[in-house]
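Both of the next two complexes hold chain A, though its partner changes from chain B to chain C.
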Partner chain A sequence: MSSTLDVPPRERSHGEAPGGASRAASRARRRRSGRLAPYLFLAPWFAGLLFITAGPIAASAYLSFTDYSLIGAPEWIGLDNFQRMFDDPRFYQSLKVTFIYVVVSVPVQLAFALFLAMILDRGLRGLALYRSVYYLPSLIGGSVAIAILWRQIFGSDGLLNQVLRFVGFENPPGWVSDPDYALGTLIILNVWTFGAPMVIFLAGLRQIPTMYYEAASLDGAGKVRQFVQVTLPLLSPIIFFNLVLQTINAFQTFTQAFIVSGGTGGPADSTLFYTLYLYQRGFGNFDMGYASALAWFLLLIVGGLTAINFIAAKYWVFYGD
Partner chain B sequence: MATDLTVAPPVAATEKLPDRKKKQRPRWLAHIVLILGALLMLYPLLWMLSSSFKFTEDIFSQTGLIPERVTTENYPDGWTALPRDFGHYIWNSLVIVVGSIIGNLLACSAAAYAFARLDFRFKKFWFAVMLGTMMLPIHVVIVPQYILFAELDWINTYWPLIVPKLLATDGFFIFLMVQFIRGIPLELDEAARIDGCGHFAIFWRIVIPLSVPALATTAIFTFIWTWNDFFSQLIFLTDPEMYTVPVALRTFVDATSQTPWGPVFAMSIVALAPVFGFFLAGQRYLVRGIATTGLK
Partner chain C sequence: MHTNRSNGARTPWPTRIGVTGGVLGLLLTTAACGGDDGGGAAADGGTTRDDGPVTMRMSWWGSDTRHAATQELIDLYESQNEGVTIEGDFTGFADYWDRLATSTAGGDAPCLMQQDTRYVREYADRGALLDLTPYIEDGTIDTSNLDQNVAETGAVEDATYAIPTGVNAFSVVIDPAAYAAAGVEVPDGESWTWDEMVDTAAQVTQATGGQVYGMQAMGLNGGDTNFEVYAREQGEALFDENGEIGFTAETLADWWAIEKEASTTGAEPPPSTTVEVFNGGVDQALVATGAGASGFWWTNELPALTAGAGTELEFRKFPTTEGDGETGMYLKPAMFWAISSDCESPQEAAMLLDWLINSEDAVNIIKADRGLPVNTELRDQIAPTLDAPGQAAVAFVEEITPDLQEPPALPPQGAGEVQAILQRYTEQILFDQISVEDAAEQFITEVESAIA
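Let's look at the complex of A and B:
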């Protein structure tokens, strides 16, 4: 370290030597390119913002006030789309389905994730293997192939019912074709993908210094007490992170509902997820104005829920020391 | 609001912390719980694999993992069951996947370099905007995007699925790489600058070679996400000639007629196999990627 410091800073000491003028010019050139460089590096991103993300958000705001079916020009109709939305029973149904899904599946998923992370955090042999096995479903849970598999497993003659008949249930329901249970099968599918939040919990648990547990146990705190008073507070930023992320993810569920219901959101609209309804209106009926209104409402919900999460976080998330 | 997310995941390469010496219940109990859990989790997958080697009529009567009668016919049957053979759909998927990987690697790393190393006006604001786009549901922008791509006559081409990646719209990967580049010692940049390197040389010769782990994570996740992606492919590719693997798979169960479960499971296995492959090959990078950014 010190030896490198001994080398004289060449550029500065010879700054005014012959040739200094051209060096100054080159430095000025570099400064100029230095001012421009960030924008060159960011050029694709700015273009993406304009055409692919922020631009389309603005465009869909405009479209939500129009009647537009891709043919002809969008026709301004004011608040009509929103008016229709609030009179539309399927809109309410899709909101209900999505909310039930989010409110049930996210907490259950996170509970499983935390539970397994706690078991895995005990320094067991084979940690990496277990972690991989539990994580795997997260990678494929949103794929068409798994949704197809789900459709078979929970079909009226599917794997689950074969097992149920074998153990003595005479008439098990046809889960995916029964409006009472269809959404439940999709909730199970989402819970099945608890591996991703589990990996994050696991990394978070390993950051908690052992001395806190030692101190707590010296003070006579049992396992439960340690969990409530050491683990939970210190892990709360990670719990919060997972909660926000999984909520946003769950709101965007589409593939599973689309495949399991054959694109209809059935039976009896019991799996009519918000995104599925948006798809039906936009790309089934080409009612682009209405779909844009739905899209904006989705943005408000997701934004609102995230904001609520962040506000509520002030009361329960503990950012150490 | 969005920037607060950067506070949350303070977790990265934490694998090598020593085991804690806690007073514990016997470990075999934990192992039993974990093994039973793992079996329950994996059973559907293993059953699908085994069913892809069963006759279709047996699939509905055998819950076990060992087929009583084995057939390999499902694979050739499924391969040729749709109007084009399955290889055609795999090719379509591969073109989109490779284009997306190249796009994400180049565009996201360039943007990340600017955010991590360069100074410019309103940098904090733009960074917050970038984090905000990470949480943006694609459903909110899909209608205007569709209109734009329809105007350009790009529907039923690969472009609507590749061009957004070339424009660094996957904020997750920018964020991942910003985090990574911040960890590269600044002294290296300074040394290169003294040697006469400009920003592009520093980016290309210093930052990129040192960011290989983050780039690998980006490539693997881009592969898996794009390969599995259904929503945008369903919307932008409506011509059966352009169908990708997920969209083609869907047509199996779409028809009102009886689903040929044997061939369907066989092709589902074909569709999942590359994901398993990348998962096994790139586990290290995957775990690190999830831990830093919460990717799924």
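Let's look at the complex of A and C:
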């Protein structure tokens, strides 16, 4: 707020004629009501933020220092919940599963999205149609229905294995019911939802002036060289944006694992995502205090990784001139 | 949203939300929809419904059949009791507990709730359930005709927190035709041993070239009960009367060794098929789809299994180690009715509870869906009206009752986790990730911390 706006009307009317004073006052009133209006419009959103987001966040911060069974009253136990994590083998298992998932699925998904965006960028006929079709999985990929469908397709006798048997594989595994493959199947499901980053890449590619490519090809650069020397640097802010966003998203994966494993994180904890474990502790095992601590720890991890991402970005993201 | 509760004052928003504390933001809707249930001057204990209309919520888990039958019960009760409105609230078993816990946390627990042995103490010990003793003593809830084997199973020390709805027994369900088709002698169930069960099952799988598996896994579906029966046969228990672990690591390792043997000899399907079959529930049970000769199921699940199988399935007693028929099986309270300690009209809820278990009208509608009715007079009365699998369940329970053990006391807080832990280690054993001995040791450690 600038200071002139905050000057009370009485001071401002000092020394003026009575008529002028009332004019000034009414002007100030008008101005004040003019200042109120935006806040009124913001109020519903702000109330939502306060009660539906900020309130529970504060509550979970408090609960993370308590032993809270959901049914009884929370009981203050200090840092016990956080200490307990370090002795909890399932906590480590859930971290391991989640990190593998993020580290594998995000780069693969982004590479795939960029690859398709570049193909689409060549000016195919019916681009709008392709764009929509490829975007579709992003819209529905996180849904319960798709997870159920996925479970059917990748089951022991699912569509995939029927095809595999038909082409001669005798004993294809149960892709979601074998601990060696279950996580991989979920990674593929995530890669499959490449549409959202693809659309952003596509927009980014369109921003690159064609003269750079013309100049490069005049200088004798081939397609690969053009990609490495022109496309990648100019697209790097977009890649960075997608990387940060998809990493955060991947850490929060819940629905797919919940549905595919029937809520257990099985078989044998092979799909025990961090959020799924947190959910089990909080809502299944009357352990909301510990679940809150897990949630805050996840926030630290994601926040830390995002910070690292931003620091590293200085070395590879190119913001033009 | 359940807004037409009584005229109580609203609980202030921030408190409500603070208590509910949404870690995932998932339960925010619960908090927001919870409104209007603050303490008010609604019908308190002792008042009759003449004082004005009463609205209460009632919750249960179950299949579509149960939902339809329970809705019919509600309609009938409302028509017989003017001024009473009952709101039904139902889901599947797994989601039920998430939901009950969050609604209890939000001060919005259903008045009358279906409960399970594994969770009664979880709620009762934390003061979320009403002690029903006064209502039993003043006759509002009549327990005189209840099956004496289970009538007291909802008691913790001097208080009674839950009344069983009915009884069932965890038993072996076999498809005699599947054994016969494989040219394997149909087990008689009187003197069979665990080894014989696994051997005959492996023969079935072998004879049919894997088209029909001999048995379904022990450690997944109802695994905690399966092991409990085994432990009791050995003179041990899952939990002793003090709520402590009542078995040794050796016993658990022995039981898992049977499972492992069944898996390696092909008596059971390959592990990943086993996991899928388990995730499919009763509908995908091996005996229900014609893909298996035996499995472990509750007696009240026979109708559902038979519906899928299309052939006649039969019950057998659990195998024993010695083959002496001295089984560890017991009659279990199938499920319970309990009343929330937050309930504004406990008297009304108690009357409804009594009606559900003791009224002929009610039992005629629900029949054996919540277990064979706990009221023995009514059980005998409806037995002839049941369909064939229902009658088979009645006959089997009557036949084995003299051989059964007493039902175990209510397990301690945290018992709801045991099944999931057992399932996880069973999967690790089946997939060769851990030895049965290590699994048994780690299982005990984990259960100890769950019930601590």
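The definition used in the following text is that the second predicted complex is superposed on the first by the 293 of 321 C-alpha atoms of A that agree within 3 Å, B and C clash if a C-alpha of one lies under 4 Å from a C-alpha of the other, contacts with A are read in each partner's own complex, and residues count from 1 in each chain.
The rule is simple: contacts are C-beta pairs under 8 Å (C-beta built on N, C-alpha and C of every residue); 3 or more make two chains touch, one makes a residue touch a chain.
Everything numeric in this text was worked out from a predicted model, so none of it was measured.
**Q** Applying the document's definition of touch, where does A:D269 land relative to chain B and chain C: first, second, both, or neither?
**A** Only chain C is touched by A:D269; chain B is not.
**Q** Check whether A:G282 is in contact with chain B, with chain C, with both or with neither, and answer first, second, both or neither.
**A** both
**Q** So, does A:G304 touch the first partner chain B, the second partner chain C, both, or neither?
**A** Neither chain B nor chain C is touched by A:G304.
**Q** Where does A:L70 make contact in the superposed view: on chain B (first), on chain C (second), on both, or on neither?
**A** Once the two structures are laid over each other on A, A:L70 reaches both partners.
**Q** Tell me the contact category for A:Y130 with respect to chain B and chain C: first, second, both or neither.
**A** It touches chain B, and chain C stays clear.
**Q** Scan A:F166 for contacts with chain B and chain C and give back first, second, both or neither.
**A** It touches chain B, and chain C stays clear.
**Q** Applying the touch criterion given at the start, work out whether A:A295 contacts chain B, chain C, both or neither, answering first, second, both or neither.
**A** A:A295 sits against chain B and chain C alike.
**Q** Figure out whether A:G48 sits in contact with chain B (first) or chain C (second), or with both, or with neither.
**A** first
**Q** List the residues of chain A that touch chain B in one complex and chain C in the other.
**A** Residues common to the chain A contacts of chain C and of chain B are 51-53, 55-56, 59-60, 63, 70, 254, 262-263, 275, 278-279, 282-283, 288, 291-292, 295, listed in rising order.
**Q** Under the stated contact criterion, what part of chain A meets chain C in this complex?
**A** Per the stated touch rule, the residues are 51-53, 55-56, 58-60, 62-63, 68-72, 155-156, 173-174, 177-179, 254, 262-264, 266-269, 275, 278-280, 282-286, 288, 291-292, 295.
**Q** For the complex, give me every residue of chain C touching chain A.
**A** 13-14, 17-26, 28, 32, 94, 97-98, 101-102, 104-105, 122-123, 126-128, 271-273, 275-276, 279, 413-414, 416-417, 420, 423-424, 427-428, 431, 433, 450
**Q** Can you tell me which positions in chain A touch chain B when the two form their complex?
**A** 10-11, 30, 33-35, 37-39, 41-42, 44-45, 47-49, 51-57, 59-60, 63, 70, 116, 119-126, 128, 130-140, 142-146, 148-149, 151-153, 157-159, 162-163, 166, 192-193, 196-197, 199-200, 203-204, 206-207, 210, 213, 217, 237-238, 240-242, 244-245, 248-249, 251-252, 254-255, 258-259, 262-263, 275, 278-279, 282-283, 288, 291-292, 295-296, 298-299, 302, 306-307, 310, 319
**Q** Taking the touch rule as given, give the residues of chain B at its contact with chain A in the complex, in rising order.
**A** 1, 4-5, 7-12, 14, 17, 19-24, 27, 30-31, 33-34, 37-38, 41-42, 44-45, 47-48, 59-61, 63, 106-107, 110-111, 113-114, 118-120, 123, 126, 129-130, 133, 135-148, 150, 163-164, 166-169, 174, 194, 198-200, 203, 224, 228, 230-231, 234-235, 246-247, 249-250, 252-254, 261, 264-265, 268-269, 271-272, 275-276, 279, 283, 286-287, 290-291, 294-296
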